[in-house]
Amino acid sequence: MRLLRPGAVTQAERTDEPRQGFYAGRMGFFRQTAWHIILGGLSVCFALPLLWMLSSALKENQEIFRIPVQWFPETFLWGNFIEVLNYPGYPFFLFFRNSMFYAGMVTVGTVLSCSLVGYGFARLRFPGRGFLFSLTLATMMVPYIVTFIPTFLLFKNLGVLGTYIPLIAPAFFAEAFFIFMMRQFFRGVPRELDDAARVDGAGEFRIFWQIMLPLVKPALVVMAVFTFVWTWHDFFRPLIYLNDPDQFPLSLGLFSFRGRRLTEWHLMMAAATLMTAPLVILFAVAQKYFVRGMRMFGIKG
Amino acid sequence: MRPDLRRQMPIVVSRRRFLQLLGMSGAAVFLGSCGGEEEVVQTTAASASPTTAAPTTAAPIDIDFWLPGGSDPFCQGFVTVADAFSASGSGINVTEVLCGVADDEDFNERLLANLAAGTPPDAVIIWDPPVVMASLGALEPLDDLMAASVNSKVENWPEGVLASCRWDGQIFGLPATASSYAIFYNQELLESKGIPSGRDDFPTTWDDLKALSAEFVQWDGDTLVSAGMIPPYDAVEAAIWSATNGGTLYDAESKQVRLDSDENIEMLDFGLQWLNEQYKGDWVAMDASGNYLGAGYVDELGRPPGFQGGDQLAVVNGFWLAADMYGSEFAGWERWNVAGFPVGPSGTSTASGFWPNWCAIPKGAPNPEASFAWLDYLVVDGMSTWFSQVPDIPTNRLAPDDLFPQSVADQRGDEFATDMTQFFTGQLEVAAPMWTCPVQNFLHDQLYTAISSVMLKEATPKEALTLAQEATQAELDSLLS
Amino acid sequence: MARLRRLRSRPLGRREALAGFLFVSPWLLALVVFHLYPIVAATYLSLSEYSVFTPPEFIGFDNYAKLWDDPTVWRAAGNSLFYALLSVPIGLVVALILALLLNRPVRGIGIHRTLFYMPAVVPPVAGTIVFLLLLEPRAGPLNTAIETVGLDGPAWFQDPAWAKWGLIILSLWGVGAATLIFLAGLQEIPESLLEAASMDGAGPWRRFSNVTLPLLTPVILFNLVIGVIYSFQVFDAAMIVGGTSGVPGGSTLMYMVHIYRTAFGYFDMGYASAQAMVLFLVIVAVTGAIFGTTRRWVYEGV
């Protein structure tokens, strides 16, 4: 595989106005349509769980597990949503607020800390960097099953059980998956950009903040979306660390609809739909950053 | 991201979780009947606790109570019982009922983390046998508390069920409920072939039952379109079919595992012959044809149960199935009944089995007396409420004995519902010893491996059971040493 | 992993080193407090007998010795290896293809991007249940589709020979995350390079192989390593499909599931920790080997 020679990209090229981009205006109407048809088939396959969840939320309980799969309800029972919102064991708006708090804080913490640390590992040389990075990766390789009790004991000794601290604080100190991801993205950025700034006498933090961060904006968006979605779904850590039902997030409350033997799947799916809606909106909004060209502003002078 | 649907078939948690996850027949009945009460319960629960315990002048003792699973109405049922307990002048408030949070496996992790950290709840319901947890030093012994109690004296519990709580000469749990097992069969299907369908007419030997099963087996090419009975395959129920052949899986007295006894090998071989004769010896094809292994519940692939669909003569399951029987999957017929287990080739008498809910007090709980007072109240006075939410047979002799599942009574009348419930209660009298092995979960997994390898033709019954025997005995020995 | 940069042109400045330490300092703290301590604890537990209920008791390497002779451990390891060897490469290729398809300025392509990411946004419970329904052997949509082509679909999760393939398909369905990461990587490739290549007369394939692919290698490396780390630790999906017994017939008993049941089913946290440590070493070795090859194929913006 042929590699690009260093120096193949110059700063001037990178800061080209994006409107004249390579792909712009290349595809005619028919090719666009063809593209939609190809992708459409695949998209539908991938979207099936959402469709099924939504339709289950509008069904009667017994209708849900019918084989062959019934993609649309016989009658649309919109009342299921009302029932969920009034369900005694599922104070939706309280749980929603808790989820927003939990996922929001973790996302902010993760994006800040992991981009910082990832940049440090990608671009700055310091003694022991390779070793520390290996350790970082290693933290992903030990199954949580054998570390979670020691971790629980740690937080117990810190006296923070029953609070959100064990759930949120670690996010502000970075996390291996995203450190690794950001390191890879920063490494893909040509050296010339920051070297030029360094020659101009810019400090490391300024280079990071003003030059490098804007260049990896899509990666930052990915990180934020992933973190938010994963935290939003997380019920294990809230289950382990929280005691008071008033603190519970939506994910944990979902289990209010589960019985020992009989589960109210239609309500569970309605709750899941209500829980998922914000994520769909979040993603639809965030993914505009995947439009080519949005990354270029930010390099000044 | 830890999703929660677990496949439910032949694994320990399986049957129970299977029901919990996918049982849905009767859900509407259930909700319809308690929907109205729910809100009342909710409001009292929210406002009651501090004021209702007023009669006692001493500061009330607060305890918290955890149980592994349950829907909101089920949990509210416990809150109701707890409030009544506080109001009864006990001087004890059950302040926290942690219930139905996530999966029972996740619950287990939470419980274990708190036990390891020395912050256990005051009282729990557990789904691991007390003998297992007691052998590892996780539970408080209850003998003295039981002797001094109102309801829970030793003689008020059937010994066969209490055996699952005994370890090292002490008792470590209260089996609050124990739902027994029986064979559910389709009377109308029998009558359609002119076969007498009464409970007394049901075959009393496995040989006869196998022959009866053959009448109803029908294949269309590689697809099984109707089944008689599926040969015994479930690792939990293995205790029952072993006992019907005069065998046992574990001898608690001598602390010996007995998986590879001649009786067990014979019985597993009997099952294999059954598979070969009626199901083409092809477990996979049988399983792929439809839901014949779900034993009365929708399976994890969403397939409706063959039994309720009228395509299967009989299934083995516990009392809970009775309450869930008349759901939407119940198609075109009405009359089912239950019968006892037949006797195996080397057996002499019938047997049954049971699945309990155990109450226990974790080691290190600060107020064992108060915790026990609550459990003592729950296992008798709380049983009507419990039963109304999830029909489980109460075990304690002082508990109400006139309960029956409403969904069955609605369809078949009170008489049938009562008779059927009494039949299950009677099944407890012939229950095989179960849940007495300190390495119960290990034994179960080994047994599952053995049975499936036989049914999939990877090993002979003798080979498979010998392997399981050696591994399990070694595990037990290492625990005991 | 501690790999020398190919062009180590500049001296290791003290200012740069200091800045480096400052940048990674939050993580260093977390590394020690939240990660190294639990790992060290787990290592100690692997040398102990520990039921969770009573304090651990040091027993040396007994747990490791036992592990070697445990047929169930070997079986579970075999299942996990099969799964990892197939799901990782297939997943990488599929994710890359999807990302390339999505990286187009077609009007309304955002809808497709959203839909591809759907399995990840839907709560895992709902996503998994529907997947099981899709693979129902008789009337499930997948086998119905296979039938229309005139073939007989396998029994998937009912058949020990096919159940792991079912899990692999399930993993492909969750490929949206990797796709998105690839897409972010594609977004970083300077258009000017593609244009330059185009002006040199390079067709789409040569533009892809000479420009896009090399510039994407850091992201490929990321997805590969993460794929390896996570696929060896596959747990949730296997638990959902096969429970702790690996239904059907032990075919879905993955290594992590066995660790789980050893820890919380058999209450043998010491033995479970030993199994986890072996898994840890295997993953370290595999990822170490991958990093050992990166010099030959990963482009760095040096």
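For clarity, chains are labelled A, B and C in written order, and residue numbers in each chain start from 1.
As a working rule, a contact is a pair of C-beta atoms (placed from the backbone, for glycine too) under 8 Å apart; a residue touches a chain by one contact, two chains touch by 3 or more.
Since the model is a prediction, treat every value here as computed from it, not as a measurement.
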(message) As a teaching exercise, work out the groups of chains that remain connected by touching when subunit A is ignored.
(response) one piece
(request) Return the chain whose centre of C-alpha atoms lies at maximal distance from the corresponding centre of subunit B. (result) A
(request) Could you please state the distance in Å, as a whole number, between where the Cα atoms of subunit A are centred and where those of subunit B are centred? (result) 41
(message) Measuring centre to centre with CA averages, how many angstrom lie between subunit B and subunit C?
(response) 37
(request) Give, as an integer number of Å, the spacing between the C-alpha centres of subunit C and subunit A. (result) 16
(request) Any chance you could list the residues of subunit B touching two or more other chains? (result) 1-2, 4, 109, 112, 116, 301-303
(request) Please set out, as single numbers or ranges, the residues of subunit A touching at least two other chains. (result) 65, 67, 69, 148-149, 233
(request) Specify, in ascending order, the residues of subunit C that touch 2 or more different other chains. (result) 52, 123-125, 127, 129, 133, 136, 138, 140, 264
(message) Can you tell me which positions in subunit B touch subunit C when the two form their complex?
(response) 1-14, 105, 108-109, 112, 115-116, 132-133, 136-138, 223, 235, 284-285, 287-290, 300-303, 363, 439, 441-442, 445, 448-449, 452-453, 455-456, 458, 471, 475
(request) Write out the stretch or stretches of subunit B touching subunit A in their complex. (result) 1-2, 4, 16, 19-28, 30-31, 38-39, 41-42, 69-76, 96, 98, 100-103, 106-107, 109-110, 112-113, 116-117, 119, 298, 301-304, 320, 324, 327-329, 390
(message) For a test of understanding, state which residues of subunit C touch subunit B in their complex under the given definition.
(response) 51-54, 72, 123-125, 127-129, 132-133, 135-138, 140, 155, 157-160, 236-237, 239-245, 247-250, 261, 264-267
(request) Going by the contact rule at the top, pick out the subunit C residues touching subunit A in the complex. (result) 1-3, 7, 12-13, 15-24, 26-31, 33-39, 41-42, 45-46, 52, 98, 101-127, 129-131, 133-134, 136, 138-141, 144, 173, 176-177, 180-181, 183-185, 187-188, 190-195, 198, 209-211, 213-215, 218-219, 221-222, 225-226, 229, 233, 235, 256, 259-260, 263-264, 269, 272-273, 276, 279-280, 283-284, 287, 297, 299-302
(message) Which stretch or stretches of subunit A touch subunit C in the complex?
(response) 1-4, 6, 8-9, 13-14, 16, 18, 21-27, 32, 35-36, 38-40, 42-44, 46-50, 52-53, 56, 65, 67-69, 113, 116-117, 119-121, 124-127, 129-143, 145-151, 154, 170, 172-177, 179-181, 184-185, 187-191, 204-205, 208, 215-216, 218-219, 221-222, 225-226, 229, 233, 251, 254, 268-269, 272, 275-276, 279-280, 283-284, 287-288, 290-292, 295
